[in-house]
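Two complexes come next, and they have one chain in common, chain A, joined by chain B in the first and chain C in the second.
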Partner chain A sequence: MLIEQIPRNSQLWLFFALLWALAPHTSHLPVWVLGAGAVILIWRWQIYLGRWAMPGRLIKTLLVLVCAFGIWRGYGSWRGVEPMTGLLLVGMLLKLLEMRHRRDALLVVFLGYFAAAAQLLFAQLIFETLYCTLTFWWLLTAQQLLFSGPTAGVKPALRRSGVMLLQALPVMVALFLVLPRTGPLWAMPMQNHAARTGISDSMSPGDVVDLTKSGKLAFRVNFDGAVPPPEARYWRGIVLSEFDGRTWRARNYDFNPGGRGVDRSNQAPSSWRLLPEAARQGAPRYRYQVLMEPSHRTWLFTLGVPLSVESNKRWSITIDQTVRTLLPIADRQRFEFYTVDMPVVAEQLHPFVQRHYLSLPPRVNPRTRALADQWRATGLSKQALIARFENMIQERFIYTLQPPALGEHSVDEFLFQTQQGFCEHFASSFVFFARAAGIPARVVTGYQGGELGLAGDYLLVHQMDAHAWAEVWINGEWLRVDPTAAVAPSRIRSGLRAAMQNNADLLGDPLSLMRYSHINWLNQARLQWEEVNYRWQSMVVGFDGDRQSAVLEKLLGGMEPWRIGVFLLLAAGAPLALLALWLAWCNRSEPLPPLLRLLRRIERKTGIERAPGEPVGQYFARVERLLPEQTRLWQQFSALFERGLYDDKNAEAVRLIKAQLARIKRQSAGGEKPINSP
Partner chain B sequence: MSFNDMLEPVANACEQIAGVLLGKDQQIKLAMTCLIARGHLLIEDLPGMGKTTLAHALSQVLGLSYQRIQFTSDLLPADILGVSVFNQSEGNFTFHPGPVFSQVLLADEINRSTPKTQSALLEAMEEGQVTTDGETRKLPDPFFVIATQNPLSQAGTFHLPESQLDRFLMRISLGYPSDAAERALFLGEDSRVLLARMKPALTIAQLNTLRAKTAEVKASEAVLDYLQRLVNHTRSAPQYSYGLSPRGALALLKAAKTWALLHKRKYLVPEDLQTLFGPVVAHRVKGMGEQGDNQGDLLAQLTLDAVDVLQG
Partner chain C sequence: MAAWLRWPRFFNYVDVGFMLSAFSAALQRRFRNWVNRRIRPARTVTLGQRNLFIFPSASGWAYIFTLLLLWVLGTNYENSLILGLAFLLLSVFVVAILHTYHNLAALRLTLGEVKPVFVGERAAFRVRIQCKAGSGKGQVLNVGWRNEPCISLSLTGDEQDVELWAQSDRRGWLHPGRLKLESVFPLGILRCWTWLDLDAKALVYPRPIASEQAPWADAEGELDAHFQRAGSDDFVGLESYQPGQSLRRIAWKQFARGQGLMLKQFAQSEGQAQALDWHFFEGMDTENRLSRLCHWVLYLDQRGLPFSLALPGQVIPMGQGDSHRDRCLTRLALYGLETRSAD
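So, the complex of A and B:
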């Protein structure tokens, strides 16, 4: 059997292409696998340089074990997309150490294609798609180089593979349109501990500050109608009512002891209307679509109380009037909300529930309790107590992203010593105070604000807009109280960036474009990019089964298999047909030069054909021998053709020969026969 | 100077040679073309066909110095190039130039000598100079080598390798004379007497003018296309084991231009290429198979028949 060697130049390119394909995976590969991968790559590089030999069986086994352990250790399970992708990548890397012949290299290239495609399991933004396309290009080039000689250049191979990709484009578009959207096939279990982003169902000191360092998008909102003013942009998400002295947690929703509330869910993906009659007259209503970024959590965020929710995901509404999905949001999801900006109504609270909203951990924050008791003893109303608390913090407290650390009695220390804090401190201490003062209260987390998009009709809500505030139960309604607004009104009106203008370092990651939003053109570019991504998301990634059927109905007039078959044939065939036409056009025979046309005419008239290797002079000499009556004419022709063809007298010769031929024609019309066939 | 004035001496020279070498007008013209195109001539024929006579007559009518070397298997390079001999009276080495230092050199039966000796001459042909004892000496100008060679089937010959054959612009053969020419030869005077009587017809200045004029011969696109078709055919047709080199193609163009000039044309026609194709190309190409070596003429004819003169 003939075993081909791997051309050296292709190896270098193959390394490059593989590294390129691997790069996006480094973020989720376990460190053990990364280490083993580095060893493999270095080893392979040394093999390439001719310094080291191929590793022996022992070392290979060892590497396999390390990688297997790394995957098991890093992901904790073999199930799910990540461990399987990891396995694929590890296989690809390990194969490098066995790559001796072309067929091995081909296997590596093919694995590379899978690695590139696997990248799209994790993200499908336009950047990832372009990156993946580039990966395909590099790999295709490497594949070509494998079959070229050892001196073949990369540039021509790049050009060829680029052309191949372009040729595949129409087929790709056609397949994109008609390929069935099989949901379950892609709904592979993602690892549960996949990096969750955004607000969680517990709040410890520092949680929100961490979030504010992220310029990542949380969700995008498109409004049907006017965008609400900044101070109305409270995106309600999670209600936290259990406090252990340090951390606020969401209540276990399985427990629903009486009280008025709704806990219903849509059992099938459909729209479901909720309490429209309960909506308060005159309260502002908003209809909007939310494009939720993957958070790997189940919380959704609404402006006020939801009246209706539409989605093809399963969701439920809690008794706190917040919306949750059944499964964590692992990819970008679209939700349509119709909400009313009013407090959650709960006319009666069951005493048991009231106790829950008044409960405080024992023996913490005695000073705050004492203060609450003291104020309460003065006989102030609930509203007045709240106003007094707000006044207190407004006068003395400082809003900062770098609060001092707090000890055991966190609320006491905050209220009476440090007096510097962030929304979570204010919300937390206020709720503690309210409960101590006998007002049922709870912490609500979500987002506040949002950045107006380019067109002005949508909002971009980022992680840094994360916020915490409080709700108190007064007169059968959960009223929103935001102590932060009292301390730092600019945070509420113009967002965190404006509030923190003076120490922009706090806004995290220097690479994040958000950090530079005060540079106008850069900000414009960022928003523009968000817009492009949104379009990509809604037109390409969001092209689901429903939209597919709609488009196909419109395009093909039906969804029958034969229509789709014909469409595919046409889509793949049309470029080929165009190519064939173009090639035919390129290879069309050039029109004969005039002199050769004239010679053809003479050949036809005399009936004497010129042999291929016979020059014109010899041809006419032969004609002269065969048709001696016209000797002079043939000699004239001979001289004219010779000078026309070889002495740059083309035009003149054409003219004279044409004149001669015309004269002959006239004569033959007059009855003479100047040219006789032999 | 008109064409006629310029070509008159050439015609005269050819005429004189034709008086000695009877019935070989075409070969005489080819030899003259070769000389004007600064090429060297290889004549391949049996002994006694008039090779020496042609060479001698050429040098006579051109008024050039003439030397003849009879190549044998024991001939050494120094016998051709010359040797340095110690001069006792002056106490130094004095160079005694060999026969190569002449204007027309007849290398008779070149394939009888060993490759070493052959190559000594062929280097001189290519470079126009000779290097011995570390000193380079220019050869006279014009320097024109006429080599003769026996057909290769004869015993005791060393085949000239392809690279050295390539140094010859043309290879021609004289062939047996026609009956009439042979009869005239029988009746006529001794060729030695005739040679002695020949008058120089062409000065070196005139020769150089002709050479300069050659460059002005026009080659139209049509004729260059034809040349390329011919060359490509030798390179792509299955009958060839290898085709014509670019140097060979250039040689063909140059020789054809000279030929056109000698026929009083300022432009090239395909007939020029066709006439010179055999002499210039046949010894530079090789056919397929065992007999490939000697098929040059056959191949040349095949190409001329197969390639269309007017269009590709």
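So, the complex of A and C:
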């Protein structure tokens, strides 16, 4: 058996394609693996140049150990996307080092396909997709060079594989549209080490300010109806109800008093208590799709509370009527919501729970407590207390992204000394005040506002839209109170950028396009790009089973197998059939020159075939011997053919032969004997 | 006990391996018969749907496995783009079927003249492979007879000759069988191949074996003295070559010096005509006799002596020159194998 060698000309290209496939992974690969990879590549290069020998077993074992150590050290675990990808890449590199035969090289190429695809586990923007497609092109070219013999050039191979990719594209689109999405076959490990972004489940002074420096997208929302006005865009995310004097924290969800009157529903929407139907009439309802950017957290953000749950149960509703996913959001995901923006009814709080929403850490903020006691003593109603507080901050307080630092009694210092702060300061101090005044209250964090997309039917919510506000329990329902709105109404109406018009330095990164949004054309370009990205995300990346059925319904008017079969046949079969026809057309035999065609006619008529390679003169001499009574005719033909073959006046000879043949035909039709009868 | 549980016992009594091999042999036989029916013998063959077969190669199955794994990856992470890549690989596979087929389709193979050889030599079959000019077809072809090593080549122009060898082991007609032509170009994942019957055969002359005694009797019944010193030393001079004369006597050394084609002249070449006779080698078996006769035919031809050849039932009259020699050798090669005379 012949051992298939790796063509030398293909090796260089293979190196290039693999480096190209590896490049996007360098950002997450541990240093040890990168080092080993560099050694491997250099070694292989030296083998290619014929300077070094293949590495011995000792060195290979050493490299394996270094890589394994690197992965274990760098990721701290074997599970997860990154260690898996790391192992894959290490395997590819090691195979590259020890490849000898063509099948080894082929295996490296196949692993390269995986490495390219693994890139898309980390990011799925248009750029990454284009990059990955290029990787596939390079790898297909490398694969082709492996089978193209030792003299093949890279350029024709590149052209051919490019052509094949283009021809495969329509078929791929058809398959992409039609082939059913089965959903995960088994659970896969998710990313371990990705930085969590966005709002967290705790809030200390300064947390939200940090977020507002980021122009990164948090999520996109596509509304089925009109987009709600800015004042109504409170994206409710996390309820924080535990306070230690400095930091607000979400309630531990194991805590479930289980008492009467407590809303225990974290699965079924039917058990929430909403206001009676009549009272619900005016409450705005929204139907929308949220395309979450990967946050590696489990929080989802909704306008109010959901009225229905998703069929595939990726999320559930917590005891605080917020929405949490079951798994951290590691990639862009689409969620459908149908929510109503109205107070959540809890008619009566269990005393235990009420205590929770009134609890304050002892001995902090004595002045605020005193103020609350003092105001309460005047006999004001709860609403009036809240109004008075809002009035107080509205008159004297300043909304700023650069609040002075706060000490031990943060609320006291904020309310009575600095009086400058950001939404978190306002929300935090308000809730503290309300609790001190005997009103059950809690902090809610999420996003407020959002930028209208170019098409006008979707919203872009950025990290800088992060916001904190409060909810108070009055008359059996949780009411939203936003003290920030009292201080900086423009923040609510037009967003942070408008509120901070004269303070643009605060918008963080000088490279962030958000910073230049006052430059009109740049802003237009940014929004255009966002638009393209949004379409990409929603139509391609987010093309899941649900969306597939919707598109196919619309496209085919039904989901019956025959419709899909016919569609697949047309969409995938037609380009292939066209290609096959074109190739067949390329293969058609060339038409014979006119003289040879005439000669064939004579051969058919006489029944005497010309031997392969027999000269015309010799042929007619043979015909003359076999059919002697037309001697003159054959000599004539012979002369004409010779003239036609060797003379420039080819057309003239063809014309004469044709005329002669026509004459014979007329004669035989007129009752004379045909030429081949002896 | 359920009936299906008793199945293994059935295998105790039946030689499964034998059954399987018999089954596969039967399958192969059927396939060969089908190929025989489908691809008829012809000296010139154009490749097309009638005679080309295509199937995934071993690498092709690995490729399919790879794209399946990609599909699983995409499905489990619900990653549309990775699914798209898996579909892209699948589509490339489908498109590659057309490309692999197109690489061979419409190629024309023509078997050229085959020169006779002596037993033990390898016969050269020259096959001309042609394609339409500029079509870029015929990349990385593997061509070879069944049971012989393949030759790998790529068409650079619109036609190329390839010489295929077959080992001869006995005189008569050598049939190398069907010609295999295959290619995995461009991606190596699909194998397109054909088994062509080019009606290839080569004439194999008997192996020449020198005998001590010349096969003709002198008047005295002794061997002529000059035959005992048969060899180069009876060379006497050169004469200029005339077309049709035996190439065996060409003086290549002189030709290489640029003196033109010359024939070596040997002493006694003006000697008397000889009659070669089968019956001279009494007591030998057929093959040995034929080998001896073959040697003397060559010997006499080399010296330009006229000779006749008598075999049981056939006599070739006295003659001289290449065509006479070839006729004699052909009779020797086919002696006893063909009933009908070709002359």
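Note that in this section the second predicted complex is superposed on the first by the 344 of 678 C-alpha atoms of A that agree within 3 Å, B and C clash if a C-alpha of one lies under 4 Å from a C-alpha of the other, contacts with A are read in each partner's own complex, and residues count from 1 in each chain.
FYI, a contact is a pair of C-beta atoms (placed from the backbone, for glycine too) under 8 Å apart; a residue touches a chain by one contact, two chains touch by 3 or more.
These figures come from a predicted structure and were not determined experimentally.
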{"item": "If touched residues of chain A are counted for chain B and for chain C, the larger one", "value": "C"}
{"item": "Chain B versus chain C as contact partner of A:Ala168, first or second or both or neither", "value": "second"}
{"item": "Partner chain in contact with A:Tyr113 - chain B first, chain C second, else both or neither", "value": "second"}
{"item": "Partner chain in contact with A:Val540 - chain B first, chain C second, else both or neither", "value": "second"}
{"item": "Chain B versus chain C as contact partner of A:Pro615, first or second or both or neither", "value": "first"}
{"item": "Touching partner for A:Asp647 - first (chain B), second (chain C), both, neither", "value": "first"}
{"item": "Partner chain(s) touched by A:Asp331 [first = chain B, second = chain C, both, neither]", "value": "second"}
{"item": "Chain B versus chain C as contact partner of A:Ala639, first or second or both or neither", "value": "neither"}
{"item": "Parts of chain C lying in touch with chain A, wherever the complex brings them together", "value": "48, 59, 62-63, 66, 69-70, 72-92, 94-96, 98-99, 101-102, 105-106, 132, 135, 139-140, 149, 152, 154, 184-188"}
{"item": "Chain A - residues contacting chain B, complex", "value": "592, 596, 599, 610-618, 642-643, 645-648"}
{"item": "Parts of chain B lying in touch with chain A, wherever the complex brings them together", "value": "218, 220, 222-223, 266-271, 274, 304-311"}
{"item": "Interfacial residue positions of chain A with respect to chain C in the complex", "value": "2, 103, 106-107, 110, 113-114, 116-118, 120-121, 124, 129, 132-133, 136, 140, 143-144, 146-149, 151-152, 157, 160-161, 164-165, 167-169, 171-172, 175-176, 179, 181-188, 331, 540-544, 572, 576, 579-580, 583, 586-587, 589-590"}
